[in-house]
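All chains are identified by letter, namely A, B, C and D, in their written order; residue positions are counted from 1 within each chain.
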Amino acid sequence: MSLQHYLVISSILFTLGIFAVLTRKNAISILMGIELILNSCNLNFVAFSRFVEPAKNIVGRDDYLLDGQIIAIFGIVLAAAEAAVFLAIILAIYREFGSIRPDEVDTLKG
Amino acid sequence: MDQILLSLMIFVPLLGMVVVFLLPNDREELIKRVALAFTLIPLVLAVYLFIDYNKSSAETQYFVSVPWIDTFHINYHVGIDGLSVTLLLLTALLGPICVLASWRNIEKGLKAYMALFLLLETGMLGFFASLDLFLFFVFFELTLLPMYFLIGVWGGPRREYAAIKFFLYTLFGSVLMLVAIIAVYLRSNIINDVAEGLRTFDIPELIQRATVEGHALGDSKFQMWVFLGFFIGFAVKVPIFPFHTWLPDAHVEAPTAISVILAGVLLKMGTYGFVRINMAMFPEGLDYFTNGDGFLGHSLALLGFINIVYGSFCALAQTDFKKLVAYSSIGHMGFVILGLAARNAEGINGAVLQMFNHGVISAMLFLLVGVLYDRAHHREINGFGGLGNRMPIYTGITTLAFMASLGLPGLSGFIGEALSLFGAFQEFPLLTILSTIGIVVGAAYFLWTLQRVFLGALNPKYEELPEINRREILTLVPLGILTIVLGIWPNIAIDMFSKSVTNLVNIVSI
Amino acid sequence: MDFTLKTFIFYGFALLTIGSALAVVTLRNIVHTAFALMVTLFGVAGLYVFLQADFLAATQVIVYVGGILVLILFGVMMTSGRLEMRIHIERGQLLLGAGISIALLMLLLTVIANMPVWKNLTDDGRSLEPTTEQIGTMILQEKFLLPFEVVSVLLLVALIGAALISRKEVRD
Amino acid sequence: MVVPLISIILLAPLAAFTIFALFGLAKRSFPRQDILSTAAMLVALGCSLYLLNETSDPKPLTVEWLSLGSITLSMGFYLDSVTVIMLIVVTLVSSLVHIFSIGYMHGDPRYPRFFAFLSLFSFSMLFLVVSDNLLGIYIGWELVGLCSYLLIGFWFEKDSAANACKKAFLTTRVGDVGMFIGMMMLFKQFDTLSLYGTDGIFEAVRTLEAGQIAWLSAAGILIFCGAVGKSAQVPLHTWLPDAMEGPTPVSALIHAATMVAAGVYLVARMFPILTPSSSLVIAYVGGITAIVAATIAIVRFDIKRVLAYSTVSQLGFMMLALGAGSYVAGLFHLTTHAFFKALLFLGSGSVIHAFHAMHAHHDEEHADDNEDEHDNHSLVHEHGSEIPPDQDMRNMGGLRRKMPFTFFTMLIATLSISGVPFVFSGFWSKDAILGGVLERAMGWNSVHHYILFGVVLLAAGITAFYMFRLIFMTFFGEPRNQEMHDMAHESPWVMVVPLLILAALSLPVVNKWWFKEGYINKPYQAHVHEPTHAQLRPDSKTGDTNFGFSNFGISEAEAAEEEGGHDTEHADDAHHGHGPAHTIAMVLSIIVAGLGILLSWLFYHKRRFTAESVATTFRPVYTLFWNKYYFDEFYNGVLVALTVWKSRLFAKFDLSIIDGIVNGVATITRAIFAAFIGFFDNRVIDGIVNRVAKVIWSVGGRVRRIQTGAIQTYLFVVLGGIVLIILIFRVL
């Protein structure tokens, strides 16, 4: 399994996520698309950290192999935070507009 | 200390711009004084540099070279030689004069005006001092923007047209120049088709490399094309026929002080760039256009000749005072081109001197036009008459300026013209002889103007026209003194750059 | 490449992930898509295992599947009161989106195809032990301490903000 | 001692002018500018007289003026007998004119300025005289032109004066350009503009090869062009009569005695580089000028114009002398002419001044008079300007009793210019010229010089005729305008004294006091070896002068031969030493002068014939003379019109074609990219500081439509943009 395998999978995930974000008319579906994108990114981080040696390697330490994983953990945390806020917003919008279709929610003025 | 002096001079006006911006809008007197102070500092520094400059050496002095954008080997490299120190002095001198000339006649947005003017001054000073091709280009473009606004906002009725014409013309030229700069950069480390060492934008380094055997920069066909690129860029600025039509419009619309800068400094940027880049860096390219062989070999001198004769004749037909002076500038810059085309010591020295002198004289002329315009609110030459009686001092100074401009010996305009012609005659006798038509026509339009404006019976409309005031005299006197002193003892200026010019002559005489 | 069990399982996971993701973007019923998403997340966790990221795989399953997905399902249910559960898609938008997505994919694939070949750093036998302890050390003691703290604050803020926004009505 | 003296001579008048200019900048004027300027001139005169015996070191000072790497241009003084004589002539005449002006210009609103300009003029002229190099001469030369411009246009409220000063400057400028080209040629060849010394042009000229003779001739003729302009030779003579619009002392100083003599001085200075062909050109120009101007002078009625044309004619004599190789004769005539012509002008000034006092309150009547007079001469009209009544000789007559001093001194000058033998200096100098030309003609057996001799002899006769016409019309007979006559009076002493001094100087006896025997003897001798005679002489058998090929050293060697010949009043030397030529010339000149005077007497005193009847008989000739050979018409109608037309054409070309192309390109570009440029235009043109807000407003209004608020649209655009950008970069 070379790096390319992972990258291909991740880019497919990414593209599908993008597609979802672009075409879905439902805020929650869009959120799911975003989750796909975030997952693809995390996968990339982990894969790269497994395959690519950093340019400035500190001698005697190989914990860089985990750098990508930790970034991915942070990514998951961010995704969680994002999901929470996103859903809260969706609820607020739903209350306000009675809809969560993004093309109906286009009033910019507060 | 010495190292920082030059940079200090360049960036003091920029600091001044910031300070002016911080001042309250309604304190107009304060704004003017601050602007004046920040233009006087470069003048003091320029005078110091002028005096302190070691004339006996042709080396670049006061140079500073600090890496700026490392990735592309761009350095902040400034330094002066005799040529640039002379023009720096001219620029720094015109700075406070222009601020003084704008004292009363800027009616709106004074703060923005002064700030833009200070920015412009930084651009001009930096241009004459920079020794890095990229820096050179940055400063070259830096003058464009404030100029555009200064004409476009504070100009006459057709200011938008003039400003956009100026802008597009110059932009057209600088695009070609940019292409040429990139071409030079990309070739700067290729010797015998092999890349060796680092690329560079450094002008002295490039000049040195071009002389290396087999260096890609030395290839004469390449030099010819790059020469053309730079040449068109500078030709627009000079301006050389047929790229000149922005000039009359820009001059007519621009406020007095801006016309002064335009004629006094911006036109010199074209010829200075021509000397600094086209001649020093591409002698082989220059050779194509000045070797006196066939049409192409005469082309540069021909352009000079056309500028002289065409500019003079066009000036003769003008009835707008300012337009007349603008066209006369075109004519006088022709002498510079002609002198440079000669490629010998007389020609180049004369051309450089003419650059300086024309800066001084045309500045005077535009100031004088401004004085009259401020009083009468029009510039129609035929609309005046007999002012000689009403304004004797003004008439006297105008006569001095006119005489200097038409090349009266004993005043500075003559020496530059004469040396340029002497030099050019050795290479292009026929064109030079034809160019002397310009001298006669030059005398004709100035004298005719003098007659129509000052001689004859006083136009009753102007019986109450006030005489030139003390502030206006103050702006004119330094220039007048320079005109006379350099006319009597031109060696003051020529000494400064003759060594550098000798260097240049050695480079271009291949 | 020899077709071992390991590769077989890898491809299985890859297909699972991609297939379910495809389902996420194509299925009309929003509840169905949520479950498809769950499968995708599992698939990704499996891929993490292949990358010897055991801790991460576990986190993925717990946080994503256990937390985020549940959150999403809650959202679906709370907003679907009188809305149709079916997702409405416009044809033109669909085509345009597909076009852009495919173009993007092509670009990414070109980039990947032109990439230099890096070898798997773990192939030389390094770092095969479980990663949990090491990650814990790195996060809590070593270089990622500060980011960790920052992220936790961020998470806190996000949660409070979410709670604030989703309140029923604003009381003065 | 010499250098400080010369410096004082130069600086004294310059200082007088500088003081005026500095006071002027402060809007004041120096309390006694007249005294200051006059004193400065007198100081200069004293120093010049002292220099009379100080010519042992001809190059007292040379300074490096311009150094351009290998080439150095230097400035310096050159002092030989010619310099000293010119210095004395200039300072003396100038001093007298200053003194005269104190009376003449009294009460003029710009009285101080007049003296300041006179000082500046004197400085320029003196600088020209003492310069040892062409560049210095050129500088002085042009400054003199400037002063002339300022002084001719002194009463610039009059349109005629304003026109005249412009015309003078431009006409001389045309000649100067020729001179400048000549300088460029010399500079190209020799890399220097210094004339004297081992590295000077005169030394270098000796090393030229035979093949370069034609080239040197061209350079010589071009330098001579400058003199043609300044010394008002045909065809550039038209400015000088017009220059009479200036105050009369100016006419005396500049347009008779000194500035116009600068051209002669220049040719004399450049003598060593003149080749036979360029000399012949000079001689012909001089001869033609002499006769053309003399014939025009016959029919003038304006007293100053008569004198102006007479000046032009006399300058032609001098040029002819130099062109014919009579170096000494030319310079001699220059000095004598300076004095008697200054005297004539000042005398006429005195007359005008006498009329001028009452001129103001009789303006209208004189205007009527003028009209009547014009009716009498209806076939002729003065072109350009009317004759001012106080200068019109038809208003004068019988003044000799009213103004005895003026009459007496002017008579002396007239006798001198007419060449009345033996007691008047003009006779000797004119005779020297005639003799020189005839001698050259006989010596070379040259047809050219015989023709020239005939021409100049005729001119001499005509000179006598019109000068006496002037005297008879002004001072003899009955007053033609009784009222003006009654008002006339003798001028104050400040004006009369200079007249008396000049009258004394017109007598050879006084000349001798400083004009020592053999003082001017030959031009600058740079050559070490004398050219052999074979080289010198033209082919005498054919009588053809064979100009292109013979050695150019001819003229100077000839002049050297005449060494000591025409020194001043020594008539005996003049014909004893030089064989028959001078005797013949002298006899002929006396005869023609006598004939001229006699005819004049018959016409204008005895009234045996009337000018009108002759004029009707020779109507075409008369018309030609009256219209000054139509030079002005030609220049105004053809050259000036052509230039102006051309300039209009160029300007129109510039505006419609060049600018049209520029604007056209702009329009087309705009049309093609209408939408895009429209947006750009709006942003750029309106993007001016005080309207930035407005622009943002309007641009915002347009751009708002893109801002749909639909997030997905944004995303489409963003991603599409990214894809596009990457694609572009991949492709490129």
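The working rule: a contact is a pair of C-beta atoms (placed from the backbone, for glycine too) under 8 Å apart; a residue touches a chain by one contact, two chains touch by 3 or more.
All values derive from a computational prediction rather than experimental measurement.
Visitor: Return the chains common to the contact lists of chain A and chain D.
Guide: Chains touching both chain A and chain D: C.
Visitor: Select the chain at the greatest separation from chain B, using centres from the mean of Cα atoms.
Guide: Taking each chain's C-alpha mean as its centre, the farthest from chain B is C.
Visitor: Please compute the C-alpha centroid of chain B, do the same for chain D, then give the distance between them in whole Å.
Guide: 36
Visitor: Averaging over Cα atoms per chain, report the distance between chain A and chain C in Å.
Guide: 6
Visitor: Cα centroid separation between chain A and chain B, in whole Å?
Guide: Going by mean C-alpha positions, chain A sits 59 Å from chain B.
Visitor: Could you grab the centroid distance between chain C and chain D? Build each centroid from C-alpha atoms only and quote it in angstrom.
Guide: Computed value for the inter-centroid distance: 100 Å.
Visitor: What are the residue numbers in chain D that touch two or more other chains?
Guide: As it turns out, chain D has residues touching two or more other chains at 712, 716, 719.
Visitor: Send over the residues of chain A in touch with two or more other chains.
Guide: Touching at least two other chains: 18, 22-23.
Visitor: Give me the residue numbers in chain C that touch at least two other chains, ranges are fine.
Guide: Counting only residues that touch two or more other chains, chain C contributes 93, 96-97, 100, 104.
Visitor: Where do chains touch, given as pairs?
Guide: A-C, A-D, B-D, C-D
Visitor: Per the contact definition, I'd like the list of chain C residues that touch chain D in the complex.
Guide: 93, 96-97, 100, 103-104, 107, 110
Visitor: Can you name the residues of chain D that touch chain A in the complex?
Guide: 707-712, 715-716, 719
Visitor: Which residues, counting only chain D, touch chain C once they are in their complex?
Guide: 712, 716, 719-720, 722-723, 726-727, 730
Visitor: Where on chain A is chain D touching in the complex?
Guide: 18, 21-23, 102-103, 106-108
Visitor: In their complex, what parts of chain B are in touch with chain D?
Guide: Against chain D, chain B makes touches at 108-109, 112, 149, 152-153, 160, 164-165, 167-169, 241-242, 244-245, 310, 313-318, 345-346, 349, 386, 388-389, 392-393, 396, 399, 403, 408-410, 414-415, 418-419, 421-422, 425-426, 429, 432-433, 436-437, 439-441, 443-444, 447-448, 450-451, 454-458, 467, 473, 477, 489-491, 494-495, 498-499, 501-502, 505.
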